[in-house]
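Comments concern the structure below.
Chains here go by letter, A, B, C and D, matching the order in which they are written, and residues are numbered from 1 within each.
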Amino acid sequence: MTSTDVPTTDERAYADMAELSAAPLWRQYGELMPAQPVSRARPHLWPYARLRPVAMHFSRALSLAEAERRVLMMVNPGLTDPPATVPTLFAGIQIVMPGETARAHRHTANAFRFIIEGDGAVTTVNGEQLAMRPGDLLLTPGWHWHDHAHQGHSPMMWLDGLDYPLVNNLNAGFFELYQAPVQPVANPDEASSRQFRHGRLNPAWRAPSTEHPGVSPVGSYPWEETERALATITEAGTVAGSAAEGILLEYSNPWTGGPVLPTIACRIARLRAGFAGVPRQHTASTIYHVVSGSGSTTVGEQRLDWNEHDTFCVPGWARYAHQVAAQGDATLFSYTDEPVLRVLGLYREQWL
Amino acid sequence: MTSTDVPTTDERAYADMAELSAAPLWRQYGELMPAQPVSRARPHLWPYARLRPVAMHFSRALSLAEAERRVLMMVNPGLTDPPATVPTLFAGIQIVMPGETARAHRHTANAFRFIIEGDGAVTTVNGEQLAMRPGDLLLTPGWHWHDHAHQGHSPMMWLDGLDYPLVNNLNAGFFELYQAPVQPVANPDEASSRQFRHGRLNPAWRAPSTEHPGVSPVGSYPWEETERALATITEAGTVAGSAAEGILLEYSNPWTGGPVLPTIACRIARLRAGFAGVPRQHTASTIYHVVSGSGSTTVGEQRLDWNEHDTFCVPGWARYAHQVAAQGDATLFSYTDEPVLRVLGLYREQWL
Amino acid sequence: MTSTDVPTTDERAYADMAELSAAPLWRQYGELMPAQPVSRARPHLWPYARLRPVAMHFSRALSLAEAERRVLMMVNPGLTDPPATVPTLFAGIQIVMPGETARAHRHTANAFRFIIEGDGAVTTVNGEQLAMRPGDLLLTPGWHWHDHAHQGHSPMMWLDGLDYPLVNNLNAGFFELYQAPVQPVANPDEASSRQFRHGRLNPAWRAPSTEHPGVSPVGSYPWEETERALATITEAGTVAGSAAEGILLEYSNPWTGGPVLPTIACRIARLRAGFAGVPRQHTASTIYHVVSGSGSTTVGEQRLDWNEHDTFCVPGWARYAHQVAAQGDATLFSYTDEPVLRVLGLYREQWL
Amino acid sequence: MTSTDVPTTDERAYADMAELSAAPLWRQYGELMPAQPVSRARPHLWPYARLRPVAMHFSRALSLAEAERRVLMMVNPGLTDPPATVPTLFAGIQIVMPGETARAHRHTANAFRFIIEGDGAVTTVNGEQLAMRPGDLLLTPGWHWHDHAHQGHSPMMWLDGLDYPLVNNLNAGFFELYQAPVQPVANPDEASSRQFRHGRLNPAWRAPSTEHPGVSPVGSYPWEETERALATITEAGTVAGSAAEGILLEYSNPWTGGPVLPTIACRIARLRAGFAGVPRQHTASTIYHVVSGSGSTTVGEQRLDWNEHDTFCVPGWARYAHQVAAQGDATLFSYTDEPVLRVLGLYREQWL
């Protein structure tokens, strides 16, 4: 070592720090304290027309018994390790074929299914059997046993939404297999969900769960009701809805009026033909799934053109605006981590 | 005054107390601290068949302009001064004739209307016009402007429910006339209520009122939806409901999942033919109105036989049980101060 | 009966109503729906100098065993049947003599004691023994066992505050004697209360009671702490406090930050020499007890002059203002039903 | 390309997925859905004796004007990119020298300072000037302006706690410089904090912030009060406290009774000489700072020996137990993301 290699006192201090697992804040202050949020997630669209054939391939090439769940994960290009769709949420396409069963398990991650196509499958959640029809929203809240069985004739495809990226980041992910492949069915006719289905009437002989506060007791929000609600509101023609999202309805927890899951709000929007949303940005991240129609969403500098059954995401604090062409309405299902941001005092939004 | 008239020191002390507006607790301890509640209210039934002709008489004999509201108060025989139906709540029969208008006013007392008969009348609540059809529940929450107008052909009769006995006892009753006989109509098509009507979907572009927290934003809970809910639950045949009240549904506030008004919970129950309720008692007081069918309710030692459109009350902590004869279902609308008792930590119930 | 005695159809209709326990709303609308609240309670002051001798008399003339509690009730001249101090709350002077024991019981009415004079007595609340020193606030929340024992040398006098008028009006009053004259002492050193006493630090190994939500876990708020808080705030000299009530502090429930009891808020105020409160009115009713100093309170047209240990009340919606003379500070303890009005959406205030 | 190079249909499907930013869930199911949480964070200890000289070096070598804040970050060896101490929280050692000023800024990340050594510095938070003395806890909640100035004689060293890892992960990090180097001082004598300091008495003329719900209004929790609380509880000798954490007190928000910040709970524990904690694990992550005394904490298989002013962390779901030697008490300050886990329904704990 020549004299020029003698470390300065500064170099020694930095080396000491490294050895102690310490680091100088001043070298990355701007990155850790940005003027405004910079999400690692990118706006992205997953076209159903291209994902469906892949799903069909694996429905033949991969047994469900081996796979646990046969799901194509939609991995945000900016969030590959660990894989996530937005920093807190996950979206996947699940496929179950006639005759198959996805065995019973539970996890602390909250989940839901939004049905894309197929008929004849059922999901059993804590003993209650729920039919799966296109447009239905089924909840499998955290630590609820659930399994899926398919006795129909065509492939069942649905969107899986989970909060495992958030749950894992919070060191709170638990998983357990049920003691048998499927759980016994206690409520074959959706008796429990049916009690909450209509109007604004809650069964007065039941009480909210103390074990799972903040979790909706409704197993299934059937499309038939959703469509009726959208139609009823729009038929009068006098309701403008949200300037950014059109006629935007939130699936609600009948015990609280709040989101259906403590970490995820689920919504449905009808954008009328010719809709041009006012641009805005908010700290919540959103994943959209196109129920019907087509249009485009501008996110920052990028434009995502979407068609029926496509899925796309808008990262937190990205500026976005939806547009629908003049010739037909569009219907967008979406889910968001907004409840998390709100309850922690971190939700902020801005119209542009 | 003879020597025997000389007051004892005790007599002097009692006299001093009286002069000071003080009183000996030990002389009425048992009354003020009863082993269990003894309501001054008595179980009572008001038969519609006898009230209706009286209402019809005054519809001719009394102008609505003079009366402010043409209402037959149902005054509990134990609660005549001030008059109330149960200690906290009031029930009345209101009649409005074709061509009449009940002028716009507001009061801090919370109120609702449950329609008994007639068609063609409307209630306007804070600018939203609501149709009135038999079985509809309309809310006129505290300090909301409201007026009624009738352009149909037959008499409109409805049940008025208010919490003015509670509100007045709490020194919180305010009243104001609107500057004009009727308020302008901003939402002729119930646009606001319509947004909350179906399923479990809340309009996401609206936010709960900060001025009236705990008040449902729904103007009208139409009978069509209520009947559909009752039918959907009962059709499966597997739901037993409440052992005391049958299939008992509570009208809910979509923002909170709780009661429609901070002080009043409104409910609807279907009691199947042959229903025999398990007796119970609770500190809440309840007023029932018979939508359809007939039956009887045993309250303490008394039996109240009820028929369509009758109104009756069950005082707090009275033991009661409903019975329905074998030949037909019955439907009971009811309202109760249970939310008040619960929020103050004073609700208690006991099955017998 | 002559022809002139033939009842008119109107008279018959009114008679029918009376027979049915119905009444015409139009004959008392203004009374039931007043433009603003008119409390039956009147402003009133109970001078300690005159009540004390009466209490002393009965301390000799009446055995505590017979009396259950030896309490002089302060009965509002407008609220004699049933007796109450304001419509919802009660105030009494209780006296216990050396060697006496007030036996253990519990009631659903919430209660507290604010100590006026004496030393050496203890109150045991659900097994925790609490010392009683002048200025201490002791809670005996609803359905908590409590008894008092006095092993000191001078008479113990304290202010009893209860919500039984509200509780009884809500049909929710229950009472029970303990199986023995006194309950066993589990915490002789106030261990439980001591854990919550200082600063803003809650014991993290304890959890709020699920049986009594909204009830403070603190048995005693000792005067020493209260005085220290008042002194600390006032010493800086920069805090103006409330324009109506001076340096007004509320005893708080450490689990919620809210009132110490679900129905009663307890407060302490220091009014500096020369204080002249801005007049205001609110729907809450308040009972004041003078800890030290003297002054006067104008209530409506009436002026109440108060001195040490006097008790007085300000009914709901009465306009009031406090004044303190130039020569010395005054300290007022007070309690109010404001939490009830707030939670029911009925609190309203106005500065004049 | 030879025939063996022809991709199989499987290979093609996987390639398609990759191209679409999709991935097979079945290849990483176990990792994403672990049987129980596996934190990337590792147990680690940062010895003050070694960090202090490094901090002193940079107090000379680095101007505060350039550094924005002169902070040694404690970077968990398992969480280097982005750097964090546990997945949601950050710990750093900040040093300010006599005569220096750390300029005013604000960020949505919540922060606090726990003073280690030095005297004579002040922090100004939204206009209120707060003294900094060893053991004091000062809050600088999200989006509150704050700056630090030091007019004393010895170096000021404190522990910085922030939730920026959580906030950044949720895309909710905003930062802003104040328009001037320091903000004007509106409350030089801590008037605001002083109002909340003692006992359990809240200033009744103030109301909780609607802009920052869930944020404590107390600027400073001084060590003098903390020590008094610890002493009062322990002097009776009858309180065992938590089997895992000893006499563990939580700094509380006087408006809610809950944690001082929506995302961070701050606590202080006194572990008596000879304390041997019962092992447990919970999903919350904790950072400890040794106020005084020494001991050791076993985390999983690792043992961390700690002395005065050291900082160490226990990752979520790690099994841990504290031990203190026989010869002296220890006092541990700690902070945790438990409020986040609880409010999202993800808190779970287990005693071992």
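We take it that a residue touches a chain if its C-beta (ideal position, glycine included) is under 8 Å from a C-beta of that chain, and two chains touch if they have at least 3 such contacts.
Note that the structure is a prediction, hence the values are computed from the model and not measured.
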Taking shared numbers over all numbers used, above half giving same and below half different, the subunit C and subunit D interface sides are same
Relative to subunit C, largest Cα-centroid distance belongs to chain A
Chain-centre distance (mean CA atoms) for subunit A and subunit D, in whole Å, is 30
Rounded to the nearest Å, the gap separating the Cα centres of subunit C and subunit D is 42
Between the Cα centroids of subunit B and subunit D the separation in whole angstrom comes to 52
Listed in rising order, subunit D residues that touch 2 or more other chains are none
Contact graph of the chains (line, ring, star, complete, other): ring
In their shared complex, subunit C is touched by residues of subunit D numbered 187, 189, 191, 194-205, 216, 218, 221, 225-226, 228-229, 232-233, 236, 238-239, 241-242, 245, 247-258, 267-268
So, in the complex, the side of subunit D touching subunit A is made of residues 9-10, 13, 16-17, 20-26, 28-29, 31-39, 41, 44, 46-47, 50-51, 53-54, 57-58, 61-62, 66-77, 82-83, 87-88, 92, 107-109, 142, 164, 166-176, 212-215, 262-263, 283, 285, 315-317, 337, 340-341, 343-348
